[in-house]
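The two complexes that follow have chain A in common; it is paired with chain B in the first and with chain C in the second.
For the complex of A and B:
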């Protein structure tokens, strides 16, 4: 490659640009984020709303089942919910906002905790490292899903007593907090490994000899060298959180109705999936497509940042 | 070697101690009152107080922990005077919701979960390693792309969606399988097998994707090693090189993950058990959570963590036996 004095980022970008799957998944991911951000406008144009009961789409002869195949029509391209007649497309788009918000915030907190703890363990080594590594071993031994489920009620109440508004704000905060609390261990391990080797480089030695304090070295000099693993793991954590949020909602730890998230919609669709399969398929396939797109994007970012990776 | 094993075992005991005390403190700090759940409609403040003393919830938390731990090894006796009952070792507590010892409840649920985990494990190892090996050997060809595609799809599908999709397709749409209803193996082996197949596939899809990737990457990485080149250069057939030289080193990291994954699964697959109505540990815990049945939840949390810690230790020791360099580190 004729790129003698390109920066690492420019090199990675030039590699990324040649990756067709990467470009496609980046486009899809951007479209998804834009759809979520502008969902109120889009729904305004389509003249749909996530909370309106479109009663005329339901068959009065059955117990509130949609007319035709899942109530699919030109006005309701993805059909309607059985029982209420709420538009599935509108709920998917509205729900995407909250699903993505939870995943993005939780990923950011996870990465921040993981990076700081990994830096500390890798930089100080010795007893500090031993302590942190044992803590990580301990945390990895816990059945996470089980703890998240069993702590949900009491900890949500605790959040309310700390001043977070009851209902969805407290529930969403709980989901974000537990995802981050149980998620940082893997990132901390990766960062720790990287820091242990970076720490031996000459520029760190030079900084120490010039009298720089440990925190200055860690955050001003070592941290900038860690952006590759941070980007890679961040982009792979995000889709896994979108899926986990859905799983938690499926198991009953989610937002309160009528607020939609993808997980809440899927959980709701289970009781109807035999008679109105479209109610399960549209949210399920959307979730799958979004998670797949972000996973592909994460893979492509990894390939671009780490030329040694095997493809 | 002996020193390595002793050190590893003492770490294991330390971790077990840590996990159990954290679980215990966590659950005793929760606002729900286990004594109030013991009497249902007959609850009066006096009854609750009586049961609190009978169950030992009136004691300080650390003392309760001590009694709990000694109960695991020697059993314990609840209550005093004439109104006592024994909980034999290993005693993980007593569920007043269900009116049974936690160990009895777990013992009843464990077989179903073990069958689920074992079958899924076999399936995902065969699928994961198979796809990974084929992908690596056919690198860049269509088989490889198919393999990578499968791995990505598998990791992107949440278990509950795969499970529901399988039920919809193979139970309702093309009715090959009976509606999910758990039957014990000795009652009707064929029906048992038909019923377990879809849950096995659900879990196998989820796990084998990760294994396929790890296997593929591991093999491709090992292929670049000098000793593999030597093996090829001395004229060994490609099959022998892959089987005897590449796989042995490429599969080591997979053994670690396989041990931990299997152990974690033995603690119950909440989602899969819920979808396919399998009366295993996952279902037991899930219903315990909805009833705030703390002794059962704490019991299964500690048991699952113990499985994971044990698997980790066993895998480490096996490594050290297979590869003496490990124990020197």
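For the complex of A and C:
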């Protein structure tokens, strides 16, 4: 039993330390983030590059297919891409950098919008709440994927005309914006519910009676009590954005070639799965591992912060 | 002429022209059902005046439509509905044709001169009859109105009808006289396209004629459900004695639409049940090795040159600097492009827009003996150094904001764009910005105002004369001018315009060929396009299919001589 002297954070940490799945997934998630952050250095050591055509790995007597089993060798441990001979490990690592960047930025924006709107709706209630909740219902009714696909060209052009450089910067911005724009609704609903209950606590009433303004109460008094749901939902949103980004790239809304992303690699590898199965296997396995690790980590954080919640 | 289709499945064809192709076997057996498996949702156009894709012309022209003239197995022009291949007494300015006896539609009514005349008049209704060849509009002796378009607006409005009646005269039910605005000595080549296929005015349903055209060939449409299937059955009113080429062996032809390309390959390779009588429009890249390495499978496979020259056009208006264009030419890794297009099945390095399948017009392009197939850093950098002083603005654009590279998006095309980006960055220091475009809109966009600096394209001749290539690709009114040399490289274009004018007027075919070759050479000297590949295409058919061969003239199978078990 934890003693009453421990802070809430220390309590959560002690619970987390006893969760073996949590520790394992935290380790994997950290390794992934480090791999992404240091991918240029790692690739430098391996002497690999995501854009080089290693043509000697292709069999000239075929339609450009890799030699041996997917071109796997000591130099190319995950094999090479059919048709070009680009190294799959190098492209996975380079693609991971962008995937994680998009997921982290989009998650941050999503949480920020969701928390602020949830706070406002929960604190003011009444007509404000009704207005915001109806808005959220409307947002949820949109066929999001179709909208993202059909808006991609016009909106990317619009971003360019607003001064964001054409090409990948505009495309990455678009993906981050749409992920955040359609993602905040769930967070806002959760935060709203929490705020409604916290608002009734004595310390809030005390602040009100002492004449504190609504925004001071929201951000100074209530927000510090919300960090548990924020952490939990943040850690669960991140992997879902990694997967969504891959889905969008699979459907053609992604960065420009030759920049690699996991979704584009998966989309391309599907047609080769019969002749070069390794091309589908490694990107698929990596995406699976990353999403699973972050999801389990999110679950463990929730268990640690909120042990009473029912799984 | 014809553009390459930018989707899987429509391209194809041809070296047998040169080799004098081996037509398949002896006489086939009549009967059975031939299956055509395709990824497409429909045939782009069945309307004869709108059909302008090689493989679709091969299909419809061998089955439901007849034209004034057609190609035989070796690619020679032979009479079809007409009694000869056309007569001209004034070096190609006036053409006369006579129709055969015994030619009828599926309803038994006779095909008369007025039907051929009416069919061709439909080409002028450019708001209804879209996507078809525009040869009638540009060559018939009809004045041009103030808007630059023909003064004749087609049979639906009837505006300018008297002008058309004057240029195209039916002297009786059998004989016609067609007057052109300039001599075109091989104009009868245009009639191998289905624009000369007859359409009776009473049967014309305008835009919807595409779905149910009246058959003049050995087969007629029984059912046509887009996204599912097209069923052709025998046209009992077609008289074999009136037809010099179509043998019409199968009793029925069924085209199955909207199949996954992978499934098509697997079905034909397995060849079980009705699939033994199946053909398709190509083999997926990943199955090529499997098919051609297998002694049994390779027996029923075809590997042939197709009629298309692939290239990337350089918009000389936005890249008005031959030095930068040379750097593109020398810096590009063509070897990687060939590997991507299928390795040993990809074809040959292209050296221009005229392919060797036009023997009278093709001449090897000179001046690029120092070209390195994997791209040369040394030469590309040298040209960029020259560009720095010769045209600093274009140099700055190429190295900073970059040149946009238009392409019809697909997984394979994304990799092609990757080759452009990586090899030109490494070899020339040129920044390429890929601009992926939805395939169905691709040509609409690059032929319009939003064309980028570089646009991928492919072009094959309409008939065996580079008059359907060189002027089409580089003159402003040619219809497929992606380079805009008349504006962007005006000095060189002046010389080029003379060559084209002389070529169009030249009546000696060999002298004409030499002029086209000179035009091709000049375009390459000035790098109006960066040629990439003279492509090959591969096919496999089921075990029951007999007499299958590659019909170079159209770039697909010749269904006229094909039979099934």
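Criterion: the second predicted complex is superposed on the first by the 308 of 311 C-alpha atoms of A that agree within 3 Å, B and C clash if a C-alpha of one lies under 4 Å from a C-alpha of the other, contacts with A are read in each partner's own complex, and residues count from 1 in each chain.
The rule is short, and it goes like this: contacts are C-beta pairs under 8 Å (C-beta built on N, C-alpha and C of every residue); 3 or more make two chains touch, one makes a residue touch a chain.
Note that the structure is a prediction, hence the values are computed from the model and not measured.
In the superposed model, A:84 lies in contact with chain C only, and not with chain B. Once the two complexes are overlaid on the shared chain, A:258 sits against chain C while remaining clear of chain B. By the touch criterion defined above, A:277 reaches chain B but does not reach chain C. Once the two complexes are laid over each other on the shared chain, residue contacts for A:295 go to chain B alone; chain C is not touched.
Of the two partner chains placed by superposition, only chain B is touched by A:141; chain C is not. Once the two complexes are laid over each other on the shared chain, residue contacts for A:167 go to chain C alone; chain B is not touched.
Of the two partner chains, chain B is the only one touched by A:287; chain C is not.
Using the contact criterion defined above for the overlaid structures, shared-chain residue A:65 touches chain C, although it does not reach chain B. With both structures placed on the common chain, the touch criterion links A:51 to chain C but leaves chain B unconnected. Comparing the two interfaces of chain A, the one with chain B and the one with chain C have residues 252, 274 in common. Chain B meets chain A in the complex at residues 14-15, 18-19, 22-23, 26-27, 30-32, 152-153, 155-161, 164-165, 168, 172, 216-217, 220-221, 264, 267-268, 270-271, 274, 285-286, 289-290, 292, 297, 300-301, 304-305, 308-309, 312. Residues 51-53, 55, 58-65, 81-86, 166-167, 252, 256-258, 264, 267-268, 271-272, 274-276 of chain A touch chain C in their complex.
Those residues of chain A whose C-beta lies close enough to touch chain B in the complex are 134, 137-138, 140-143, 145-147, 149-151, 153-154, 157, 239, 243, 246-247, 250-252, 266, 270, 273-274, 277, 280, 284, 287-288, 291-292, 295-296, 299, 310. Across the complex, chain C meets chain A through its residues 262, 284-290, 333, 335-336, 339-340, 342-345, 402, 409, 411-412, 414-415, 417-419, 421-422, 433-434, 436.
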